[in-house]
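Encoded as structure tokens, here's the structure I'll be asking about.
The first chain written gets the first letter, and so on, giving A, B, C and D; residue counts start at 1 in each chain.
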Amino acid sequence: MTKDTDHKTWKNKLHEIIYEADTPMGKVFDVTLLILIVLSIVFVMLESVKGLPIDIYEFLYYAEWVITIFFTFEYIARIISIKKPTSYIFSFYGIIDLLSTIPLYLSFFFAGSSALLTVRALRLLRIFRILKISRYIGESNKLVKAIKDSRAKILVFLFAVLVLCIIMGTVMYIVEGEESGFKSIPISVYWCIVTLTTVGYGDIAPVTPLGQFLAAIIMIMGYGIIAVPTGIVSAEYTHQTKKVHLNTQSCNNCNESNHRDDAKFCHKCGEDLLK
Amino acid sequence: MTKDTDHKTWKNKLHEIIYEADTPMGKVFDVTLLILIVLSIVFVMLESVKGLPIDIYEFLYYAEWVITIFFTFEYIARIISIKKPTSYIFSFYGIIDLLSTIPLYLSFFFAGSSALLTVRALRLLRIFRILKISRYIGESNKLVKAIKDSRAKILVFLFAVLVLCIIMGTVMYIVEGEESGFKSIPISVYWCIVTLTTVGYGDIAPVTPLGQFLAAIIMIMGYGIIAVPTGIVSAEYTHQTKKVHLNTQSCNNCNESNHRDDAKFCHKCGEDLLK
Amino acid sequence: MTKDTDHKTWKNKLHEIIYEADTPMGKVFDVTLLILIVLSIVFVMLESVKGLPIDIYEFLYYAEWVITIFFTFEYIARIISIKKPTSYIFSFYGIIDLLSTIPLYLSFFFAGSSALLTVRALRLLRIFRILKISRYIGESNKLVKAIKDSRAKILVFLFAVLVLCIIMGTVMYIVEGEESGFKSIPISVYWCIVTLTTVGYGDIAPVTPLGQFLAAIIMIMGYGIIAVPTGIVSAEYTHQTKKVHLNTQSCNNCNESNHRDDAKFCHKCGEDLLK
Amino acid sequence: MTKDTDHKTWKNKLHEIIYEADTPMGKVFDVTLLILIVLSIVFVMLESVKGLPIDIYEFLYYAEWVITIFFTFEYIARIISIKKPTSYIFSFYGIIDLLSTIPLYLSFFFAGSSALLTVRALRLLRIFRILKISRYIGESNKLVKAIKDSRAKILVFLFAVLVLCIIMGTVMYIVEGEESGFKSIPISVYWCIVTLTTVGYGDIAPVTPLGQFLAAIIMIMGYGIIAVPTGIVSAEYTHQTKKVHLNTQSCNNCNESNHRDDAKFCHKCGEDLLK
């Protein structure tokens, strides 16, 4: 029984170190992890650069193994130290942690095969490790909430943009034709998105007067309707900020907060707030 | 008389299926229609892509006929099942539905003529089928209302942008001249719109120092005045959000309105709002 | 004496037609003027296009004279019909009207000289006729007011952008050097403005890793600080809209309006507003 | 003792001239300084332009020495006239002033060495003189405050943009490959930033259908999420404006705050606010 308690204590301690950041050990663990993630991302990016001294590629190879082994231990430790392992394994961070660990093993496993491209793609999956950092930011911030609240409106907006791009893309395909680079409707729609979002690569550009006239209209529309998502998020965000301003008083009876600043009575139970 | 009632019932049932989405049959009809529209759009776009296997073009040809025939039946059914057919035929959706149906028939009709381009353009009119989807989104959403309310201001703004582009385009035509690609005033105005909306293709770009100086001013103006449509929609939208979230209830005792949506008691006199 | 009265009446009538839009004749005059302005602008733009049939250029030449003579009569009529001609001549619209009339005469006058370019530029001054339209929009709208109220803040913002562009442009000049197109500091500053305002022509683009890294930072800054002018105008505009909402009540005592919606007493004289 | 007082007076006078702008002499000093700064910046920029007449470069050389010597005297005067020189020397403006002065001396000092590039870079440090102007604008304005208050949120947003660009850049590297210009992950991430911020140079552009599809998604995301920083600053700024315009007075009778700035009587109880 003592052993079981010991075991439990050991597990609890691990849990404290890994999942919490209050203890000194937990802080050390968090900072180490953060540094390793950033280093790992830098290494993945460097690996893809051609023409560096060969020593660097060798160093990157070994560094990668060290980091992967650390992440492996972290993943196992997270599973062991939690009471309900499945709640972690199938959570967002559980999947991210797994994806951060296995690419190297898988690429090692498939290395014998001829599918070199697959191996490379697999190794590059490591870039998703960057999402491990989001753990330290917290989803609960107001920004994310504002975006979530305006999700439906943003989707309607994006759909409207898509409809506009499909129609204008088709019209431009007819007007400009294939000689100007508008080779097919999908390409024209792509061009339309490039133009409406004001990116404007210039790899495809209208050359006929009518095409340029239509393009000008698309641009001005793009320039104007950018106001819409901004208006949505602004309003939603202002609204959220305001809610916070309602937070000054708290009812003595029902403990409801979020009252209007000038409220004299609780809007939930009718208690006199000024008592 | 029974027959007439039967007839009426049959018509009513059709109306229920087509115009409403509450019954299971209505839902099935809506989902089928939605899938067919999306498929149709994808097919129209695919048709324009060169270099696919010939089988695909053949499949697209037959698929197009199947979809068109379905849309034909839908159009006829919609006319039959409504009490006042003209109210549908000349409505926005009535015209869209007709435009979604006839292009193939018309292109078939004109196929013998030499006007191949017209035929192709006619066939591509099918892309407007995408507007059939808007039926499922509803115009009544706040976004559209905010834009409608700020229509007048947006038009004034767009006019101001146009005036600015015409004047600056003419100035750039004088400054840069035809060697730099500013071949005529309309082209210069087009360039000015491309620049002011921050699209910036780069197919035409100023090369003289004075031209680049003026271009820089146009860019900064474009960068700055984008704030204007955003400000309009933001303010209009914030206004709308506020109306909706506060103005619903009115106290029986003190007549104070502007209560929170979830208020049960008046925040001014404590009166029970739910009485 | 009767003649004098007649004279006055005639002058008044002209004033009514030209300066007001309430009478049928005034409306006809305004619409004619509007059409002539738009036509004139279209003609100026067409004139610069090369390669049209020669008949069109001839037509444009005569049309230009007709329009100019009409504008000349309008200018004279405006001076005659007003009581204090100087108040019109030196006003914004007086100068615009003069600029809309004289270019053709001046170009005719200078035609003998060798300064062909000056003549062309003079003729193109006619494009400023477009500003005559602004008479029909009115400067008093809320939009213009919001921009005017935030003028000081916008200037500070533009100055900050300029400082940023000068510093980053110089840094890029050192980093990228002349081989990449960053030929001088003014050119680099121009590139920096092109990038920061997200126009991005692509005629000059960084090629060294460090240059691309710095460019990425400039882009993200440009993407982020666009929020600033938007925030300014939004806030100013929301503020203005709010003022309007305060306009519901009017004091019986001092006739002050602009009260808060929930005001029970006049904020100026203390009069009970609810009486 | 009289001498000491004289000394002090002389120092105080210098302090008044340099650090304050109320006296006529102070104003003259400020305007002179402002003109010299602007001239200096123009000279530094002109110096880098190739192909001007040789006389100009000579003039720029001497003008530079004159300006530098003036700035040297200004720097020394600022140190002498202040009571605690270190509080100035290590302040933001102290460092800027030093940076504005020494580049020429340093470049003169290093001129003998072979490191010509370093000398040029050093000389260009003079561009930071532009920051001397910020002294005349003042950091205390609302704009800067709004940005400072939303710093944390903006950093989270920029981090999110970076994460998105790293992931999408890697995906594009796999999809497009090196033939399309996506030579390495850092280059792909650079392209992704260029696209997401809607700059769009066009030096690198996707050519495969899948690449163009993903690029379209990135563009629309960039177009949409620009709303986020705008929303943040708008809300923060609106909040600031509101505070300033309403919260100034509080009624002595009913303690109601939130009066209009120009209110003379309480809008709730009619109490005279000016008592």
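By definition in this document, a residue touches a chain if its C-beta (ideal position, glycine included) is under 8 Å from a C-beta of that chain, and two chains touch if they have at least 3 such contacts.
Quick caveat, the model's predicted, so the values are computed rather than measured.
S.K.: Please flag the chain sitting at the greatest distance from subunit A, going by CA centroids.
M.R.: C
S.K.: Please decide if copies subunit A and subunit B contact each other with the same set of residue positions, more than half shared, or with different positions, and reply same or different.
M.R.: The interface is built from different residue numbers on each side, given that under half of them are used by both copies.
S.K.: For subunit A and subunit B, let me know how many angstrom lie between their CA-based centres, rounded off.
M.R.: The answer is 29 Å.
S.K.: With chain centres taken as the means of their Cα atoms, state the distance from subunit A to subunit D in Å.
M.R.: It comes to 30 Å between the two C-alpha centres.
S.K.: For subunit B, jot down the residues that touch at least 2 other chains.
M.R.: Those would be 157, 186, 189, 198-202, 222, 226, 230-232, 234, 236, 238.
S.K.: Name, in rising order, each residue of subunit A that touches subunit C in their complex.
M.R.: Interface residues on the subunit A side: 198-202, 230, 234.
S.K.: Help me check something: in the complex, which residues belonging to subunit B touch subunit C?
M.R.: Counting only subunit B, the residues touching subunit C are 153, 156-157, 159, 163, 166-167, 170, 173-174, 183-186, 189, 195, 198-202, 205, 209, 212-213, 215-216, 219-220, 222-224, 226-228, 230-232, 234-236, 238-239, 258.
S.K.: Could you please specify the touching residues of subunit D with respect to subunit C in the complex?
M.R.: Residues 41, 44-50, 120-121, 124, 127-128, 130-131, 133-134, 137, 141-143, 146-147, 154, 157-158, 161, 186-187, 189-190, 193-194, 196-203, 222, 226, 229-234, 236-238, 240-241, 245, 259-260, 262-272.
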